[in-house]
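Two complexes, one shared chain (subunit A), two partners (subunit B, subunit C).
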Partner chain A sequence: MHRTKILDHVILLIGVFIMVAPVVVAFMTSTHEAADIHRKGLSLTWGGHFAETYGTVLTREGGFTGKVTGFNMMMNSMILGLGFAIGKIVLSMLAAYAIVYFRFPLATFFFWVIFTTLLLPLEVRILPSYEVMNALKLTNTYTGLIVPLLASATGTFYFRQFFKSVPDELLEAARIDGAGPFKFFIDVLVPLSRTMMAAIFIIMFVYGWNQYLWPTLMTTDEGFFTLVRGIKQILLVWVGSNIPDYNEAFALAILAMLPPVLIVVIFQRWFIKGLTESDK
Partner chain B sequence: MAAIDIAEVSKIYAGGVEAVKSVSIDIEDGEFIVLVGPSGCGKSTLLRMVAGLETVSKGTVKIGTRIVNEVDPAERDIAMVFQNYALYPHMTVYENLAYGLKNRKTPKTEIDARVTDAARMLEIEPYLDRKPRALSGGQRQRVAMGRAIVRKPAAFLFDEPLSNLDAKLRVSMRGEIKRLQKRLGTTSLYVTHDQLEAMTLADRLVVLNGGRIEQIGRPLDVYHAPASTFVASFIGSPAMNLVKGSLEGGSLHIGTHAIELGYPAPAQGRVTVGLRAEDLRPAAIGDETLVFRVDYVEELGAQRLVHGMVEDQALTVALAPEAPLADVLAITISTERLHFFSAETGKRLYRQKVGAAPAHREIVNVEPAL
Partner chain C sequence: MSQSSDGTTLLPALTGRRWPAGRVTGASGQHGQTAAKRVQFTSRLLPYLFLAPQLAIIFTFFYWPSAQAIHSSFYLEDPFGFGSTFVGLGNYTDVLKSGEYLGIARFTAIFTALVTFFALSIGLLLAVKADGVIRGNAAYKTLLIWVYAIAPPVAGLIGMMFFDQHIGPIVELARWFGWEIKVGLNYGDTAFAMIVVSVWKQIPYNFIFFLSGLQGIPVSVREAAAIDCRSELRRFWTVILPLLAPTAFFLLIINITYSLFDTFGVIDVMVKDKAANNPITLVYKVYMDGFRGNDLGGSSAQSVILMLVVFVLTIFQFRFIERRVHYN
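Entry: the complex of A and B
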């Protein structure tokens, strides 16, 4: 084996420490009482109030209307994240399928038009997008939250490259086997793209889950607030006493981190499996 | 099962390139036709037009009694085997075989019966629930053939199906394809660039060059009477020697050598003479000889290929391994085995059939070559 083995481990351990330490601190701190946190600052020890803090955060009805629970916000985030990721995959797969497999005039031109939208991220077009959604009366709806973010040049580009690498003979074999364009897409391309879909799902879910600006703009009704937004809301609104509920903010942050981590862990397995057992 | 009639079919691509030029082939029911030619000769394009994967620019393709120019590939009642197998990687072998049938809404029991049948025939039963990636190249090729067989099509189309296999496997698969085709009696159209494959598989072979048919015929007819210098150099291994010569009266002059033909010359003046390496042999006493300077020798075991020159023209001679070698050999050939081609067009010059001609001629060596 290598002589540098111990050093390798040290480097990796430092990396792990840097990655994990903030999360551990946040988690440990969240188990203390708000007053303790206010007095003593961040904490690395177990505070013993885990159940009550997390219970409160998930179930206590708060906000101006007194109806929003942490669980509500988590569901909203989930809907946004899933809708965002799945919508993007469906849309960009269909777009890439059209671009790669159908000969229509200006196909390449349209691809590059889609591609240039990369230059226009949400932040650039946020006002016109809001105008449109407002005019369509889609503010404070899930549709309004998700649809304007669906068009994905990145996804289309990835799927285009992938479809181009699928051998033409597969299409020809399918044609001789009597599969039309729709059947070929569903029976052959979609199953072949599973690993690509998993990869894009990870990226897009996390991206959607972490959205802050757009949901802030689109939703004024607390029933549509997402977790990410809720964290800030605690410090502003949920003032039970004079001391902000730091413990609850930390707890919410930990909760907000959980689903993306789970998604990555679950899909990573598929992803690596797909990479090592290369099909095609 | 059906006959295939390809009538004056051309393929002209958008850029104006004519890949296939007015090709006509009549394929009988149950016949095994091999399209052979160098890369870019249009053989694959022709096959793909029959399959319906390429549109036919001109002419008609008939399968059975039906003109299929505008018919969808799936409706043509054909099955195709691809060079890279084109198996669906995410489906098991069983699903691969069944997919075409499923799309045709064949009843499940029928699919099952046909797949089992084909699997038994190809000896791939143990692999039915494996994915293609868990199979070797030869096994994948069998699955690809199985996919064609289960459909019970009117015709099999093979697009260089053995090119991705190693040499040994290729030989055994070749035999298997031949056996299978004989057994099923399905009309087959087979594309290859390998003349050996073409010779061994074909009932009739079609030699293509530059989008045109050079010759259609049974393998041995093509071998013994190539219609042009192209066919002569393409069919047979090693390639037929083609040398410049001239016919004057009843004798053939190659450089300073002159050989009495013993039969009426098919033409007069400059010609290209074809001599098969395996027809050339060491001269015995009394034979007409060509003085052959040896360049280098390729040992093949069963025979040895001797490369060298007759005056300024290169020649390859296939000799028995026990034949003595020297720097200069006297070699000869039966004049019956000579092929003559027009020096201008490269077309074969046929000679009139006359009564049996003597095999050997006396030496008319004008001048010693060395």
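Entry: the complex of A and C
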């Protein structure tokens, strides 16, 4: 019995090592100078050039236009992450409220209209989506970056499930007190949904921040690049050079993962709740 | 579906949680509608008002492009932009007859099978072990799930470094065994690196769901099993695994869609626009043909083929959930 427990820990530690080591190495290596990395390889020790490298990555104006900074890309990532998460919550709460709490003739029809979006992910309709964005002149705008990603039903289903679990008595009581649809929504449902909103916010923020394909298509103007979108640009520049800026590439990767990782680790309980009860 | 391709899941029932009776958790509409509220508002305008923003976005950015994809899959676009001609199923037959496309389809199938298999089994192994230990449980959990938050292309970038010709430790390790890994030059080596990175990125997701499924198994069931059967391994195969089957099935679909679509970032970073000799998946091919090759019709036909694949997977998934809902 005792021995199996030790074996369990060994397996778990190997798992932890595989999951954690690459990122620790990436971080440690990013604090070394490029030439050192080129000579000695990846590193597990502190290189002492942390401030330098990260300062450069965040503030140096680079890219083809020579105007885009890492900080700039980070802001764009933040706008995408927050915009997507908030947009998703607002849209889906409203739609779910209509579906669950109102009796109207086309309810079932609209339910299915929304439901169908679950069948086809964005990836299978990228080219026509791009054409539509072109027709609407939304390429290289924040609207074009965020809004099309909102065209899916996941959040709506999540809140629909939740609203259904809210006891009917609450609505009855509220109506006796003379509350109308707006008042009930704002004073009763929104406060009740707080945990749900937090959970879905975390999932959606991570999802938005980590978007790659859509920003790649939608933004050609570097001023709109997100960190995750910028990764490939870095690699493309890097391919041609003699001593690649390994340190800067690693630093950028660390910056690109930092906010979503922090959120997931800090709000782990809500994150798991949001994930297992909804999945995006 | 899954992290990315934006979910088709919504299956709380499969995660081991018990729901109060009368709340149907399947994403199926009919059930949902029958379980409506006893009391509802009646208003002529309000529900439409609340639905309007979501519907406007869905029509503009979902139905319009989807219809567009189906439409242009039947047309041949003039390369210089002078109109298009109707070619019926021509684009489809061209695609399905092309040896290149079939080769990519085969690679996609193998890639999907391997990524799904390894990500699921490693995730399950770690979840079973984490469920079994008491000491350090929370720490293991945190350390094993946080990679979920890393974007696929970022994982791809880190992977590239580990598989780098000059500085990559994995390359060095393989050299010991006499295997010279050349990512970007050798087809098989690139595929290997892609699979490793894609599996790594997906393990946390499977771990979370398996662990939550395991924790949903009632203590009484475990105790009864422990009395009946002393061998831990046999107990796992005969009692625990069948109880986890719904979670596993759900994850199977999610992992397949992950491998098909969400790995785009990993692949894009690893092949860096030089798809020539490198392994790519079907989604990447849609992207290459549509955006690099400017083959609107062919790319659309491929999109529609992929739509069908996803469609079948999703239907399969929903059918299964419905069955489960009925039997419970």
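Just so it is clear, the second predicted complex is superposed on the first by the 242 of 280 C-alpha atoms of A that agree within 3 Å, B and C clash if a C-alpha of one lies under 4 Å from a C-alpha of the other, contacts with A are read in each partner's own complex, and residues count from 1 in each chain.
To be clear about the criterion, a residue touches a chain if its C-beta (ideal position, glycine included) is under 8 Å from a C-beta of that chain, and two chains touch if they have at least 3 such contacts.
Small disclaimer: the values here were computed from a predicted structure and weren't measured.
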item	value
Simultaneous placement of subunit C and subunit B on subunit A, clash or fit	fit
Partner chain in contact with A:Asp187 - subunit B first, subunit C second, else both or neither	first
First (subunit B), second (subunit C), both or neither touched by A:Ala249	second
Partner touching more residues of subunit A, whether subunit B or subunit C	C
A:Thr69 touches, of subunit B and subunit C: first, second, both or neither?	neither
Partner chain(s) touched by A:Glu172 [first = subunit B, second = subunit C, both, neither]	both
Arrangement angle, subunit B at one end, subunit C at the other, subunit A at the vertex (C-alpha, nearest 10°)	90
Minimal inter-chain CA distance - subunit C and subunit B, angstrom	7
Common interface residues of subunit A - those touching subunit B in one complex and subunit C in the other	172, 175, 277, 279-280
Subunit C - residues contacting subunit A, complex	1-12, 15, 17, 20, 23, 25, 27, 29, 32-33, 35-44, 46-51, 53-55, 57-58, 60-62, 64-66, 68-69, 72, 122, 125-126, 129-130, 132-133, 136, 140-154, 156-162, 166-169, 172, 200, 203-205, 208-209, 212, 232, 254, 257, 261, 264-265, 268-269, 272-273, 283, 286-287, 290-291, 296, 299-300, 303, 306-307, 310-311, 314
Subunit B to subunit A touching residues, read off their complex	51-53, 72-74, 78-80, 82-84, 86-91, 99-100, 103-104, 133, 147
Subunit A - residues contacting subunit C, complex	4-5, 8-9, 11-12, 15-16, 18-20, 22-23, 25-26, 29, 37-38, 41-42, 90-92, 94-95, 97-104, 107-108, 110-115, 117-132, 136, 147-154, 156-158, 160-161, 164-165, 168, 171-172, 175, 181, 206-207, 209-213, 216-217, 228, 231-232, 234-236, 239, 246, 249-250, 252-253, 256-257, 260-261, 263-265, 268, 272, 275-280
Subunit B partner contacts - residues on subunit A that touch it in the complex	167, 169-170, 172-179, 183, 187-188, 191-192, 194, 277, 279-280
